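For clarity, chains are labelled A, B, C and D in written order, and residue numbers in each chain start from 1.
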Amino acid sequence: MSILIDRQTRLVVHGLTGREGSFHGGAMLDYGTNVVAGMTPGKGGQAALDGRVPVFDTVSDAVRETGANTSCIFVPAGGAPDSILEAVAAGIGTIFCITEGIPALDMVPVAAAVERAGARLIGPNCPGATSPGRAKVGIIPASIHREGSVGVVSRSGTLTYEAVQAMTDAGIGQSTCVGIGGDPIIGSTFLDVLRLFEADPETEAIVLIGEIGGAAEEEAAAWAAEHLADVPKVAFIAGRTAPEGKRMGHAGAIISGGSGTAASKVAALEAAGFRVAGSPTELPQLLRDAGYRG
Amino acid sequence: MSILIDRQTRLVVHGLTGREGSFHGGAMLDYGTNVVAGMTPGKGGQAALDGRVPVFDTVSDAVRETGANTSCIFVPAGGAPDSILEAVAAGIGTIFCITEGIPALDMVPVAAAVERAGARLIGPNCPGATSPGRAKVGIIPASIHREGSVGVVSRSGTLTYEAVQAMTDAGIGQSTCVGIGGDPIIGSTFLDVLRLFEADPETEAIVLIGEIGGAAEEEAAAWAAEHLADVPKVAFIAGRTAPEGKRMGHAGAIISGGSGTAASKVAALEAAGFRVAGSPTELPQLLRDAGYRG
Amino acid sequence: MKIQEADAKRLLLAEGLPVPAWEVARSPAEARAAASRLLHETGQVVIKAQVLVGGRGKAGGVKLASSDDEAEHVADAILGMQIKGITVRKVLVAAAADIVKEYYLAAVLDRGARRILLMGSAEGGVEIEQVAAEKPEAIVRIHADPLLGLQDWQAREMAFRLGLGRHLKAAVAIGKGLVRTMLVNDADLVEINPLAVVRGGGAPGAPGGEEQLVCLDAKITLDDSALFRHPTHEAMRDPDEEAPADAEARRHDISFIHLDGTIGCMVNGAGLAMTTMDLVKRAGGEPANFLDIGGGAKADRVAAAMRLILAEPRVEAILVNIFGGITRGDEVAMGLIEARRQQSRDVPMVVRIVGTNAEEAASLLEQAHFETATTLDEAARKAVAAAASQSAGGAA
Amino acid sequence: MKIQEADAKRLLLAEGLPVPAWEVARSPAEARAAASRLLHETGQVVIKAQVLVGGRGKAGGVKLASSDDEAEHVADAILGMQIKGITVRKVLVAAAADIVKEYYLAAVLDRGARRILLMGSAEGGVEIEQVAAEKPEAIVRIHADPLLGLQDWQAREMAFRLGLGRHLKAAVAIGKGLVRTMLVNDADLVEINPLAVVRGGGAPGAPGGEEQLVCLDAKITLDDSALFRHPTHEAMRDPDEEAPADAEARRHDISFIHLDGTIGCMVNGAGLAMTTMDLVKRAGGEPANFLDIGGGAKADRVAAAMRLILAEPRVEAILVNIFGGITRGDEVAMGLIEARRQQSRDVPMVVRIVGTNAEEAASLLEQAHFETATTLDEAARKAVAAAASQSAGGAA
């Protein structure tokens, strides 16, 4: 098993006919992901990715015609919140929003509407997820993965690749790697993803990759201390050298009023039983130290 | 028993210090209703109704200090929707909104918020409800009632009084009389109230008093045909002589595009097993004809 | 409150919707002048009676003209025409559109669903009730979320389902614009019929020959309860179409609707007022009006209600039916006594007052020699009888 | 994007909030003129340094003046002052308020709760972080519903809990106004500190002597992601406080933050960029900047990033760390080669490119004689060593 995506995933790519959508849609299909549909308003009836995937005008058409159950959104920032709501209304249960640069206040009602509908949103401004050997949704490079039983959750993109590559190089595979996104308002938090990993019988260890800003790492740590006490847990926090009051690229990565510092996150994670790495390359060894034998 | 209100009702009156609020608040208290609090922003700390009822600035204060569980709203139209939301947020389960003249579009989000919270709203623009001998909330004159087992539900005010008076004069008492209000957007429909009567062991017969406009009577009739098949049911519909396209006083009382006529409602009710009176004074006899022996 | 087509179009334009240019004319000369300014667009103008009733076309109130001479003649024929009892005092002059296809699109308040409904049909140009009756599957219904509002994807869905995919951007803007117009103005209904694909010309600044989507006719009904927060809307009330009695009723906060019968009714409460009319009819009479004096009606409002009823010469008897609750019966009785003292013509009156302070009312009425009744049915019968004897007396 | 107090006050005024009159002065003479126009209100003006950093008061950037002479002197002292490294180039001149009591009120985006938070305290005038640390119970927190927005009753609740019941109407208008200002402008933060009860004078048109609630200071942070839909907001970017490098970075869509170290960093991805800085520090060096070239970075953006880094004379070595995903390693390599060809001064560079097209990148870099590294830790160590030898060389 795995979380969020697997062989039962039937993916509709919003914006499949666009530049990003077609590039990554093709990569997902090549990886073996069940890309069953594309959605681009006005291009309904066409076929994308060399004729392999039908395109629909609306998500509800895609769901009705192809049984899509998962969305991956490459729509530009202005239209992405609406696209999330369209997926929710069409009954899609799991929605990945890759789009970056969505105004934060746009996400406030959207996140509430997703929650109200009982759907699950990953992102926005996230790289997606990969369940190695089963499916990949989003933009994470396929090459870095290896099948296995470590669950990886991260706020970041390339930093995640770095960490996952280090694990793969050390012979440690992943059950699912999830990038939850670096925006201030995101659909699923570290905690939400940890809950899924806890319920997944195949996930035997956890890697959490956080960064400065907010308190989501602290919240997840407190929960993990109680619910993942016996699970090997390691973490890395980026931004130890970040100055206060400056947004470090990610809209959410900012220390304000002395809160959201790397130090407070490292302390909370260590108190919760995580081993915290000084560099992503140390993660494999720390997993071993924590008792992971997978 | 009864529905909506009884001896367990602990009422907070929104706008208790105003003209309408204090007049009807006093009448409710005199009837024996548990009026535990008033709410008027800026008058917190005062006592109203000759010092018998404490007044609070906020509904949440009233709930915390007095255990209020039911609201009755006399706030003017501009502030009433907000007052409903305040009651919902304070955890009030049953809310009567007497206020008339609320713009219909204001009620769209409010009705949705009430539903989302699992609360129950009666009105707006309604006379309230009376459970004779137990409690009265709103503006229905106390004198017309008699304790008994007929459940009365109506869209109207004085027409309800007329019908209830006729029943009382004929020796037929009521379990609860509910005025649901004549506005286009109301919190509880005929159907919602019928469901409550169905679940109330003390209610043995139903009187439904409808009027032209909308399709709520038809909807209730269809449900009653199935769920209240063996219950004596009588009805009256006002507006047989109303011309098309004119609002007959109530914002909701309008025949448009040939739908919402008295004829269609009478037909639907008769098809569902209701005996439909030609005048409110005939209701007691029709109840007897329908087999009501209470 | 219903507003004229020209006002409705103005509200749509204010929200950025595409409405072809128009002018309003009150005389044939004005219509001629308007036509001479608009004829260059498509070589033809349409001249439409401005009345707040449906079926203008069938009644001959909508006509084309191809020259300013013809426009003047057509306007002359339409102005002064009676449509469903309303005299036409204004016409709207607009460039006639070269219509490729007509659609229906409206935002309405759906009371049952308690939300805003965007309703569309590819069968435009005819009355939607007719489509609903004959071909219900041709109507597309999309509800706006009560908390989120109408989403872009919903407007797109409407466009695709109407077959307007080729005009996607315009259709989305119009669908969202209708709901926005509704919200901004507190309207119950914002209806475009027809919404049309036209060739060139139709809208200002449009490149000639290219197809575009425009709002050719517009109907908006405003929520009376919300007029208080739209001070400018009162100016859209059409004095040409409002009877003096209606204006007087509004001034006194009385719900009043004129009907064609002979028995004037004065009642407190809308449901009871309708019931009183129904019972008059049942007793063999015809109600002359719907009149709800509202709750807690004081003497001066009772007097105003009496004047409203008596202003109609057909009225031969008056039925007063008051169920006291908030309203105190004795106050109404005193109002009636005072009103009768002032009234210009003597019409038989049957009064029924029950409920709060009914006894005090009864003794006041007795002293003033009013005819009274106990039940509503009895009151209706007595009023019908009084009217009948009045007619008979008049005929004698 | 942070904006100056005067701009923040302008946005509040646009939403109808009570903000006492002010003027902005760029010279002592302008300050004198402003004071002479404002002194009549309360007999005193406050002169405040306009810089986008906190702690102006403590730094001596806020002073009172009781005459136009004094205003000119005070402004002369403040203008040109350095506050946390920023040179003061403007002052705000306002009538000094006769403060009865100070409050704190702010609308902020609460990321954890995923909704807007209205946050208030009766302990105004000091930094809210201090209140939060010392007296957390003194902070009132009310979340706006994510779908319904902030309701009137919530604004009233805030007013009552702050003890502002005597100023209920004004407090409700301000609470709602803060959230509206946030929504209308796509702000992350709209903060009034202090919100103050003042005696008379404070606001334009106020009756003298009467107490009223006014916004004395304002701080607004705008959401950078939403600037695209607020074309007028760009004008509020203060060129006096933006380093040329920051403007250049924005033009090229590069996330760039200047730091005080000697090792320039060029990275793709924000998290990896922070990590690279952290590892430089861990290896004993000091990063000169945070720099994220973003996804799919093309050659011209690489060249721009290189210019940004080299513009800082302190930079002694450059660490390039690229994990190819969307970004293709060979494209970055070509960009680096081109950038080095153009670059004005020669600084040692350590390049690590892994992921997509890493092999092609490696061979390009080898041909161009770049120093490369395999792991991130190795890259950091090499860069720190290169900078050390560079300093040593420079010192020798």
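As a working rule, a contact is a pair of C-beta atoms (placed from the backbone, for glycine too) under 8 Å apart; a residue touches a chain by one contact, two chains touch by 3 or more.
Quick caveat, the model's predicted, so the values are computed rather than measured.
Subunit C and subunit D have CA centres that are 56 Å apart.
Here the spacing of subunit A and subunit B, counted between their Cα centres, is 50 Å.
Looking at subunit C, residues 147-148 sit in touch with two or more other chains. Taken residue by residue, subunit B touches two or more other chains at 109, 113, 116, whereas all remaining positions touch fewer.
Chain contact topology: the protein chains form a pattern that is neither a line, a ring, a star nor a complete graph. Chain pairs recorded as touching, per the definition above, are A-C, A-D, B-C, B-D, C-D.
On the side of subunit C, the complex with subunit D involves touching residues 147-148. Within the complex formed with subunit C, the subunit A residues making contact are 41-42, 44, 57-60, 79, 82-83, 85-86, 89, 109, 113. Chain contact summary for the complex, subunit B toward subunit C: residues 77-78, 101-109, 111-113, 116, 127, 139-141, 143-144, 154-162, 165, 182, 184-185, 209, 211-212, 214-216, 219, 236, 238-243, 246-253, 257-258, 262, 278-281. Subunit D contributes residues 109, 111-112, 114-116, 127-129, 132, 146-147, 182-183, 186, 188, 223-226, 228-229, 255, 257, 259, 267-275, 277-282, 287, 290, 292, 295, 323-326, 354-356, 375-377 to its touches with subunit A in the complex. Per the touch definition, subunit C reaches subunit A in the complex via residues 145, 147-148, 151-154, 156-157, 160, 165, 168.
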